[in-house]
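Presented sequentially are two complexes of subunit A, the first with subunit B as partner and the second with subunit C.
What follows is the complex of A and B.
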């Protein structure tokens, strides 16, 4: 019985991975099928004929590469800014008690209440007043504002999970508050920072509505806007090129995840505190 | 080392961002040519090329009035435009459908183009189509492209069932029903109709049965659902439930999805937007013999409600006259014919339709499709506030429940009217 347990576990894991990965596999499959095959009743994961022209069309048709660069710049900068602000702020939220914390938590919760369609016009007017409408800098600012509350909330959960006794032990050994933060708290927060950075990057990378309304010039369009242009009026969809574009659009997120994957692994605190 | 690389990458990204932010279009320079921004929604490569050519031709012949195309997508364009109008940053020339621009005109965002429409142009556009872009007696947009609903048929399946392919000026819905019955054989169904979102088709085709769905305009409009409005949903229900001549699954699919069944010979005919002719020509299996049947006519004739794509001018544009002149150029016979051929749509002007008919003849069903353009008429729903809300939250679910037999005809009428009252309250 025990001999069967391990293969069964692997089989379950394989099924789970297939379940999670199937939409991506299907997307990749659609990206190499011809329009004729996509519009037939034949269902198969492997294309009858590999139709790489979808990638050529995706790359040549709508300025996809330039849009991807715009998205990458916005997402990287927004992620960096969010992490830099959220890191100290989350520590304050998690560790300190009193009015500052209450105000911070209140702000986080209230900021999540308003739907984006409600705030888009005031945001647009503010950005225009400060000369940042229709610019990637303006969009980055909006992404930071939009993502920061959730990033703070997320990161303060990780801070709370670090036993305060570790900081006290450091203080007893003569470390200053800054040293404690630098040498004990922040390294232990690495998985939380990685998770927050990934959340911020993916949110910014995929964000559509703000980019749609705030960006006016095609040279500033980000990837979601460009991909949406494969969907035309009257229900016309260039499905093959759209799938090819979507596959290419997923690559940076996958790379970013791969880079941060090791940081996500917890277990750093194992054995740090007795009892 | 690794962290240094990350920092370098971040700095590069920030520099690029700041450089991009510092750049940008400075608009008209003092004393230089006027620059008009034209927000185009053309999505097909051929249509983008046709639009670019028209703009290039204009720019070459009008050095003092240069047009800059700003390519945008259809998805979310209403939200984009409403923000642009409110923030005073809308483009000079706006490409959008009539159903979208009529509310903008009612809210005072669009310029009155009446003084710029020549008598010749007015005479070239059928009255029903012109009415669809006229608000309060003012022409608020030029129609550029139209679509109608037509029947695509698998010639081999019709001939196998002994059906003579209709070839008259029009064909009746009764004929369609009869052909669907006859061709439902050997495992194939007579008709496939993608009605997952049925409101657009039912409302557009209602004029053929004398249906209007709305009386009055603006906030005072009233939903009316009587014999004319219910005729088509009841006909579809009868074909699906009594005749069993409609492939049931297609009633839950989009129009594009139904094409796969059409190609596979599962259905002999399908009702589609006329633009699908281009997709069928491209995607149908080799040797697939298909034909576009004549325009469908109900008891009230072959009329269909038109929701044309249009070009309009931002009222706050500093160059309304120049923008109107560009649109007049854009809608010349030659340009409309080229654009509609590229988009597989129907030109709104008679002269462009005739030019296209002469050029394309019966290839890919163009003659029948262009012929259906003659029968397009103004749609009452264009002039009704909150139509979009009624369509999405009331009409579509009610029609779906009717086709799923959860509602009878009386229940459908009540749901449509009561839903309107709730929304318009």
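What follows is the complex of A and C.
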């Protein structure tokens, strides 16, 4: 029985690896296959011929690079704004007990319950009234609001992990509150801030729904929207370039998440366990 | 009130000073919270209030909107809209299916990752991939996996001598299960990471004590692991339930609700009502019903969890 347990565990682990990893592997394989091979009936993971032209074709397609640029601008601006406004608030959430904290944490949870489709209706009307409906500025604004609860949640977890005694020691030495925050709290928070920023960036870069509703003109499309239009249109015949574009779109997110790995575990748990 | 004694007077002074300090700190806290609070109020709370109000109007998505308050009309119409209730039923199958399978699959993986096997680094990185990927890319990828001709899934089944011509996303019978599997794939990482962190907090002595008492693997799981994980399981399951119920992009790109509405989850249905049929008042009413449904189901789930907790503690 005991002797059997280990091999069985390894077999199960391999199945998990296959389940989790195979789809991505297949996408990458499709991105380097020629359309002739993709349409043939012989199915194999390794391409008969490496067809890198798919990437060239995906990149030269107008729209893809332009919309990647749009995605980048929206994600960078939204991330910067989210971190700057969430940082002070998360400090208060973590340090103050009682009603403020309860209200803050309560809102973070409640905001998850409301379906985005309900939130977008009035937002769409408001943004249209001020002329920002079909614009990257409007989308950035919506992304900020949508990412804020999670950023607050993550950051307040990291703040809670910093012992209050450190701040008190600074205060005893005569440092003002602002000095304490600047010289003691923020430096210790730096890794947490980086993690929150990366997480926010990926959320915005990947975001699909708000972009779908808000952006009407092709020159404003973000990357996910351009890819979606591609599937509906020529993607059926140009599977290879579609796969190549999809791989390129996923690369930044996967790189950031790999960097985030350790932080993600501790950061989310800091919130989850104490909350 | 009697006149304060001397001792009370001297105590009152520092108290007053503490009072101003508290006030100063409160002012400081408000200043720190403001930058977050204003966008939340303007772009989140206010729109929600407007959305609730919209649900009682006949608003349409047109250039010069001109709408009237129609009371409960939208809800009355909705009660008779069998398409909406069908989509709610599909949405519940999707939500419960994905949430339960996610928990089971993630629990298995978390236990494996916590038992000192090799290949852990690889598995942990792989386990994050689905979480990181844009939903659109996930959908493109799985469309290729499920492809009726030349898809690897059918090729694999064919090599086992099973039927290899199933149109997984296009067939009435298989579309919803196929989409649910993708939902499980996407949601596994977050659940696994959370459960794994919970597992690592269980003191090893508990397991040792249980093994010394002769408990086997299963008995150790039910007697030590599961009870210690309970709070974490409850919170991650509640969150998964909400997230899955509200998820839109994956199903939208995979099937657009097809074939024949078999994967028309309610969020998608509401989206189409608002932005294709342009009835935003009616769509807002649907959104409100969805919020009510999800809050009710969560309340029932959390109540049952707390009741179990109490009986367990008593027993």
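The working rule: the second predicted complex is superposed on the first by the 206 of 275 C-alpha atoms of A that agree within 3 Å, B and C clash if a C-alpha of one lies under 4 Å from a C-alpha of the other, contacts with A are read in each partner's own complex, and residues count from 1 in each chain.
Throughout what follows, a contact is a pair of C-beta atoms (placed from the backbone, for glycine too) under 8 Å apart; a residue touches a chain by one contact, two chains touch by 3 or more.
Nothing here was measured: the structure is a model prediction, and the numbers come from that model.
Of the two partner chains placed by superposition, only subunit C is touched by A:145; subunit B is not.
In the superposition on chain A, A:65 makes contact with neither subunit B nor subunit C. Subunit A has more of its residues touched by C than by the other of subunit B and subunit C. Once the two complexes are overlaid on the shared chain, A:40 sits against subunit B and subunit C alike. In the superposition on chain A, contact is made by A:217 with subunit B only, not with subunit C. With both structures placed on the common chain, the touch criterion links A:117 to subunit B and to subunit C.
In the superposition on chain A, contact of A:105 is made with neither subunit B nor subunit C. Of the two partner chains placed by the overlay, only subunit C lies in contact with A:92; subunit B stays clear of it.
Touch criterion met: A:253 reaches subunit C, while subunit B stays clear of it.
Once the two complexes are overlaid on the shared chain, A:80 sits against subunit B while remaining clear of subunit C. In the superposition on chain A, the residues of subunit A touched by subunit B in one structure and by subunit C in the other are 38-41, 117, 121, 124-125, 208-209, 212-213, 228, 231, 235. Taken in their complex, subunit C has these residues touching subunit A: 28-29, 31-33, 35-37, 39-40, 43-44, 46-48, 50-51, 54, 61, 65, 105, 108-109, 112, 115, 117, 119, 122-145, 149-152, 155, 185, 188, 190, 193-194, 196-198, 201, 217, 232, 235-236, 239, 242-243, 245-246, 248-249, 252-253, 267, 270-271, 274-275, 280, 283-284, 287-288, 290-291, 294-295, 298.
Contact residues of subunit A toward subunit B in the complex are 35-36, 38-41, 57, 61, 70, 72-74, 76-77, 80, 117, 120-121, 124-125, 128, 132-138, 140, 208-209, 212-213, 216-218, 220, 225, 228-237.
Only residues 5-6, 9-10, 12-13, 16-17, 19-24, 26-27, 30, 38-41, 43, 45, 84-86, 88-89, 91-92, 96, 100, 104, 107, 111-119, 121-126, 141-142, 144-145, 148, 152, 177, 202, 205-206, 208-209, 212-213, 223-224, 227-228, 231, 235, 239, 242-243, 246-247, 249-250, 253-254, 256-258, 261, 264-266, 268-269, 272-273, 275 of subunit A touch subunit C when the two sit together in their complex.
For subunit B in complex with subunit A, the touching residues are 9-10, 13-14, 16-18, 20-21, 24-25, 41, 43-45, 70-76, 79-80, 83-84, 86-87, 89, 91, 97, 147, 254-256, 259-261, 263-264, 266, 273, 275, 279, 282-285, 309, 345.
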